[in-house]
Every structure is written in C-alpha cells, then in structure tokens.
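First chain written, first letter: the chains are A, B, C and D, and each begins at residue 1.
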Amino acid sequence: MDEKTLIAKRVALELRPGNLVNLGIGLPTLVANHLPAGVNVMFQSENGIVGMSPVPEAGAVSGDLSDAGGSPIGAVPGAAAFDSAISFGLIRGGHLDVTVLGGLQVDQDGQLANWMVPGKMVPGMGGAMDLVSGAKRVIVAMQHSAKGTPKIVKRCTLPLTSVRRVDLIVTELAVIEPTEAGLVLKEVAPGITPADVLAFTGAELIVPASVPTMAIAG
Amino acid sequence: MSKVRTVEEAVARIPDGAILMIGGFMGVGTPPRLIDELLRQGKRGLTVIANDTARPGVGIGKLIDAKAVRKVIASHIGTNPETQRQMMAGEIEVELVPQGTLAERVRAGGFGLGGILTPTGIGTVVEEGKQKIEVDGTVFLVETALKADFALIAAKHADYLGNLDYALTARNFNPLMAMAAGTVIAEAEDIVPVGVIPPDAVVTPNVLVDCIVAKEVRHG
Amino acid sequence: MDEKTLIAKRVALELRPGNLVNLGIGLPTLVANHLPAGVNVMFQSENGIVGMSPVPEAGAVSGDLSDAGGSPIGAVPGAAAFDSAISFGLIRGGHLDVTVLGGLQVDQDGQLANWMVPGKMVPGMGGAMDLVSGAKRVIVAMQHSAKGTPKIVKRCTLPLTSVRRVDLIVTELAVIEPTEAGLVLKEVAPGITPADVLAFTGAELIVPASVPTMAIAG
Amino acid sequence: MSKVRTVEEAVARIPDGAILMIGGFMGVGTPPRLIDELLRQGKRGLTVIANDTARPGVGIGKLIDAKAVRKVIASHIGTNPETQRQMMAGEIEVELVPQGTLAERVRAGGFGLGGILTPTGIGTVVEEGKQKIEVDGTVFLVETALKADFALIAAKHADYLGNLDYALTARNFNPLMAMAAGTVIAEAEDIVPVGVIPPDAVVTPNVLVDCIVAKEVRHG
C-alpha cells in the first residue's frame, strides 16, 4: 500500500454516519474511496453542492456539475445545489462536520499553513481559510516530511491558514492530535516506532507510554 | 422595452477599464459568449472580480491570456500559471480573498450592507490593513462590500423579463453578482417565454437584469 | 373624489415603466389601482415576491401567497418568489426604484416618522426603516393633517424612521419636495391655494412665484 | 437513521425557556402542527424570534394568547393587540428589529458571521447601545448575529433526508432560520421520496434538518 493510500484509509475511519464532509483537492480526495462499510456521509463540494459522488459511468457527465477543481462529478439521490454564499454558510456556520485538508506545515500549537510559499507559489487560499476557521473538525492529511524536511514544526514559517488549532494530523508515519498541552502522538503506522516519528518531526511530541498501531479502513 | 440584445451590443456597453464581476468556478458557470466577445472587441485594463481565473484558454483564463485584465480580485489563481506569471512580473495586480469572504463581500455589495464580520482571516496576512471589532468577547475581521460596474452572468434559463435560473454547480457566484453590479448582462443557455420559470424556481428576479444576450441564430 | 383617492392618483404619476415599486399598507396600497395606461411596473411585497397582483377572481387564492398584511394576492406571469433576506436585499441594495409609505410626521429636513407613538402605539417598524433607508426614491403619501394638527412640522417629535431625506410628500392639499434648501411647494390640489396649504402646515414652505395645480392620474 | 418523528416526539425535545426561531409572516409559512403541539404540551417561558406575532388565534399569535412566551424578537407586533397589551403590562419583553436587519441577523447566525454593517437604523432609536463603524467615509450600524436553540420550519415538501422546498411567500424567514438553530424541526405539507426534489429546487439542504414531523394519518 502506498503512503497516500495509507493516509486516506486512516482518515476515513474518522468519518461518522451522517457527517457532512469536505475533502480538499489532492490527497484528501482519496478518502472518499475508503469509507468503511455502512458509513454513509454526505460530501460537499464548496463550489455549490452537497451530495457529490464520483461520475457514475463513463460519459455520464454534465457541463454544469463539477468539483472544486473543475472536474466532472456525479450527484447522489437527495443532493442539493446552491450558490457560493450558502456553500460557505454551511462551512463557516458550523454545519460542516469534517474537513480534510492537505498541509505544508503544522506547528506545535496545531496551527496550519497550507496556502502559499512566499516568492515561490501564491495560488491563493481558495476556501482553505474558511474551512479551517469554520469546520467542526479539521483533519490535516499530509506526508510527514517534504524531501526530508519536517512539515511538523515548532512554529510555522509559512503564512498561516488560520489561528484555529486543527483537530488531527494523519501522515504515513503517525496520527498526531494537537491539544492545549501540545502535539500528542496517538498512533504509529505499522512497522514504525515513536522514535522513527520523532526523527522526522521538527516539533516536540508528547509520547504516551504506549502508542497503538494505526488502524486502517477497509 | 425588451432587454434582449446581441452579444455585440451587450458587450459594447463595457468601456475599457471597467470593473467586472464574472460568474463561474474554474470556468463552470462563466458566460462563454460574453468572454469571447470581450476578447473580440479588444477590451483593455479590466478589473475582474471572480472566484478564480480558471486555466489558460478556459473562461476568465482567456482574458488573462489576452492581457485584457489589469487587476484580479479572486480567491484562487493557482490553476492558472499565466495569472501567476503576470503577477510575479508585475503586469497584473492580484488581490486574494478567502472564498467565503469573497462571496459575502459580493453579496454585501448587492444587499446594501457596508460589510460583514467574520473570523476567517483573523491572525493571518488577510487581516492586514483591515478593521477589527469585538462582539460579545470575540474579535471579528470587518470585510467590506464589493461592487462592480458590470456583472457578466451565466444562467441556465432566462425569460424575456430577465428572470434567471441556474444549473447545479454552475450557479456558484452568479446570483450574488447579479445583485452587486450597476449593469447586469445575462447569457443563458436558453431564453424562454415569461411564466415558464415558476416563481419558486427563479433564483435571480427579473428586476435585477438589465440585458439578456440574444441566442445565436443556427440553421440546420 | 375622496382625499385618499386624490393622493393615490397623484402618486401614481410618479411611477415609470419598468420600476420596481413597494407600496406600504393602507393608503399607499391604493396607488396600484391608478396606474396610468401603458405604465407597467413590478410590485414587490416585502414578505417575498416581485410581481404581486390583485387576486384575479373570487376564490382564486392560495394559502401560500399573501401580501405583507397576510391577505391573499395574485402573481403576474414572470413573478419571482424569494426569502426575506433577498427581499430586503432588493430593498436595501438600491434595487427598489420607489417606495410609497404613509407618514405620521415629516419635518423641514424631509425626515420621516411613521412607526410609533411612544406610550400609545408601538407596532414596530416592520420594513419601514429599511424601505426609507434603501429605496432609490421615497414618496410619503399621507393626509396633510391629523384632526387639525399639522403632520408636516419643523422637527419630528415622534421617533424617526430614518435620517434619510424623503423625496416627495403627496397630500390631499399639495405636492411638496424636500430639498437641501427646505420644503418646496411644487403643486397644489385643485381649488387649493398656497395660503391654504401654509395654514395647515407646521413647517416653513418655500413657495415659488407660480405653483401649478396637481396633475392627477386616470 | 430516519429523521422522521411524530409531532409529539419532535416538540417534546423543546424545554421550557428555549429560544425558538419560528418561520412565517403573519402566519403564512408558520408550521401549524408544531404551534398547536407546543400549546398542547404547555410549554412556558419561550423566547420567540420571528418576523411578527400574527394575530390572536393565528400562528405565533396562539402562543401569545396562551402566555407561553416570555420574550419576542420581531419586526412588527402591530397586528396583534394581545402582544401589545402584554408588552404594555410588562408581561412580555419585546425587542423590535427592522425587518431587513432581522433577516440579516438570523442569516449571520447561521452563516458564521459575527454580524453585518447596515445603514438601517442610523440616527434612530434602533442604534441605541450598538457599535457603529465607519467604512470609506460612511457610518454603519453593527448588527450582531442571532442564533436559537430550535428552529421551527414550515416547508412545502421535505424528502426523507431532510431536503426542503418552500412555496411562494410562505418561504420568508424559513430558510434563514433553518441555518441558525442548534436543532431544526421541519413540518412539511408533504414528505416525498429522496430524489423527488431536484437538487436545484432544494432550498434548505438536508444536512441542516434534524427532525421531520411525520404526516398525520388520515383515513377515508
């Protein structure tokens, strides 16, 4: 199993029946493929739909129905479409149960940076700032380090997405929970030790006496 | 008097340097014929308020390609390397706004609000230069209203009075922008007789629309 | 012709083809009955419709379609229904061309009081404050005095509806335009002289050398 | 798990003293069975946020008649002499809010905004005790968000997931309130299978609705 699939499968276990969930572009999108059996969630696409689904079959697309990347999607029975203000009303008003987002850095306070690298990449924040500020639960799904450089750091050097503390970080090495006391190592990936995780982490981790091995969906 | 105009007439109203709101999200829900006609008429120095600049060759991306745009106010330009290149080269000014805040700022412009109070952006670069205000112990950012000279709207159906509906995710910013501009030009996939769109299905009420782009004449 | 009909007929002349118009409850409602031929306007009811019309025939009512007083109405072809936020977005966002409202007092600055009499009548402002603050053109349609007491006064003693200067006052005696310079007597009713108007007015009026007689619709 | 509950079960969740948003405008768009069940269960000390209190014997007026209400936040009580009488007698607290401001305050509560900036009420008694803020030379009143414990919603159709649509002027405050309350209870004229309300016709998305009131069983 590749690293991204591992991350997606672990994140999928965080979703509860009936949740309204928004998946960011890239790695987080994979989570939809790994829902545990019997867990029905509603996926939102912030460009204006609750109830997005994969395109049901080849050719069954509509020019008027796409995800936030502009790619064609399908809709489940009972889907609802709306304008961008309502879409972000759902996000900002506390109606979104879970957002899963990629990350460039997360720091010891659980603050996320994921929208720009000054002087190099200025894509814009899109909906990320709203998602992190407004969702009931924010899960960061990312690789643990970038070309050997830790992405979990003492303090973000990149511009923050929000001052809100995210709720969970899932990487190919570990599950880490930002808390008021700091970053708590909750689980390690199969075959990984807490020492391995610490070696690739640029921030202090609170390591309990016993750290269970990551559960993985499906 | 009928609101129907040819696409040439509709776009001819837009002067160089105008502030435009343009509906759409990665090109979906962006009025294609209005975009092409802006290019054909060689408009210059436009300010574009939109969610994104799509991709090169797509939707608003075509205006970027043609260097018709002086300034962009958007939530995201990451999918269009040409917008990023022009920004880095100082050829275009880009104001980045969180997407939910952009939606609310456009809405505020159309709804007569001075702005809205939001937690989004607090403690980030987004708050730079903006007022903050405390309500019941929580600090909010004051995000002010946006208005435009023209809104270019893509609808599914228009009736001849100007009532509009939209389809699925092609709705996005269109109904918000249709409230927030001095002149609203709507391009619909089809124009239907008055009364065909039921009152409950109308998303943009007729009184907001100034101009409906005539359908293309096709033969065969 | 009774006084209210006279007022309604004169106000009707202020409406232009294509206008979006909101008529207050009571006297202003009568304006709809006196539209000049060929002047098609759209009437808004602030409870959520553009395109209201009288009930077309006896019995042709719907429990879901009413005016702001809760009485059944009809809808013209091309009517549009919406929620209260959009309804007041139309009013407050400058999309409403004309509102016609009743008045308790209008003062020399053109400021209107029409929503409460402290200690006596506190109905609430309903949509009046929004209408006066937001409409492009505010016309006050009211009787010139109340039981002999002038309603056009130097300064409103009743709580203001808005600090915005209204655009026109139409009474059974006169048409008066509030301007930066003060209240200008624009027209007198048939058989009425400027001196008659002044006698029933509690504020200074600017009286031009020649004051035409009120035109009346239909 | 199904969201459908009997009207008794739905209303039993509401404790005395709860803050309720109730849809409707002069009774049109007010959920009739939920109102009657609040009375039957003898609720007391309610705070009601609504456009108006209708008339005695109609809609929210019934709650006023029964003295079930401690406080009303509304734009208009003039059509209900009993509300005025209770207010004058000090039996009920009434907060009057301009109707457009009330709509925006409810919306702000549901949309995660701290409030909105409006010119409505500036220079009147409405501004008393409120913050003001200047934006580009214009002074606006800061009107803060409203939220509720429960929203009682009248819809035309509900599907079994909780998607709602509305009919004509019975829509009014309902969709705004369905965003702004902890628990949303919807009473629909009819309940239809999932998928029957097209995505573009849904006004209140299913995820907002906690409880759908079961239809009355009728025979013959």
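The criterion applied here is as follows: a residue touches a chain if its C-beta (ideal position, glycine included) is under 8 Å from a C-beta of that chain, and two chains touch if they have at least 3 such contacts.
The structure displayed is predicted, hence computed values, not measured ones.
Trainee: What's the overlap between the neighbours of subunit A and those of subunit D?
Mentor: Touching subunit A as well as subunit D, we find B.
Trainee: Over the chains that touch one another, what is the least number of steps taking subunit A to subunit C?
Mentor: 2
Trainee: Look at the interfaces A-B and B-C and say which one is made up of more C-beta pairs in contact.
Mentor: When B-C is set beside A-B, the one with more contacts is A-B.
Trainee: List the centre-to-centre spacing of subunit C and subunit D in whole Å, with centres computed as mean CA coordinates.
Mentor: Chain centres of subunit C and subunit D, defined by C-alpha means, are spaced 29 Å apart.
Trainee: Quick check: how many Å separate the C-alpha centres of subunit B and subunit D?
Mentor: The separation of the two C-alpha centroids amounts to 32 Å.
Trainee: Averaging only over C-alpha atoms, locate the centres of subunit B and subunit C and give their separation in whole Å.
Mentor: Comparing mean C-alpha positions, subunit C is 35 Å from subunit B.
Trainee: Could you check subunit C for residues that touch two or more other chains and list them?
Mentor: Counting only residues that touch two or more other chains, subunit C contributes 49, 75, 81-82, 85, 88-89, 91-92, 134.
Trainee: Residues of subunit D that contact two or more other chains, please.
Mentor: Residues 104, 107, 111-113, 118-119, 166-168, 171, 199-200 of subunit D touch two or more partner chains.
Trainee: Which of the chains are touching one another, listed as pairs?
Mentor: Contacting pairs: A-B, A-D, B-C, B-D, C-D.
Trainee: Going by the contact rule set out above, which residues of subunit A touch subunit B in the complex?
Mentor: Spelled out, the residues of subunit A in touch with subunit B are 45-49, 62-66, 68-70, 75, 81-85, 87-89, 91-92, 121-130, 133-134, 159-163.
Trainee: Would you mind writing out the residues of subunit D in touch with subunit B in their complex?
Mentor: 104, 108, 111-119, 131, 133, 135-136, 138, 140, 142, 144-145, 165-168, 171, 199-201
Trainee: Under the touch definition given earlier, write down the residues of subunit C that touch subunit B in their complex.
Mentor: 17-18, 20, 42, 49-51, 75, 77-82, 85-86, 88-95, 134
Trainee: Can you list the residues on subunit B that touch subunit C in the complex?
Mentor: Per the stated touch rule, the residues are 1, 107, 109-113, 159, 161, 163, 179-180, 194-195, 199-200, 202, 205-208.
Trainee: Considering only the defined contacts, which subunit D positions touch subunit C in the complex?
Mentor: For subunit D paired with subunit C, touching residues are 25-29, 51-52, 54-55, 58, 74-79, 84, 87, 94, 96, 98-104, 107, 118-126, 156, 166-176, 203.
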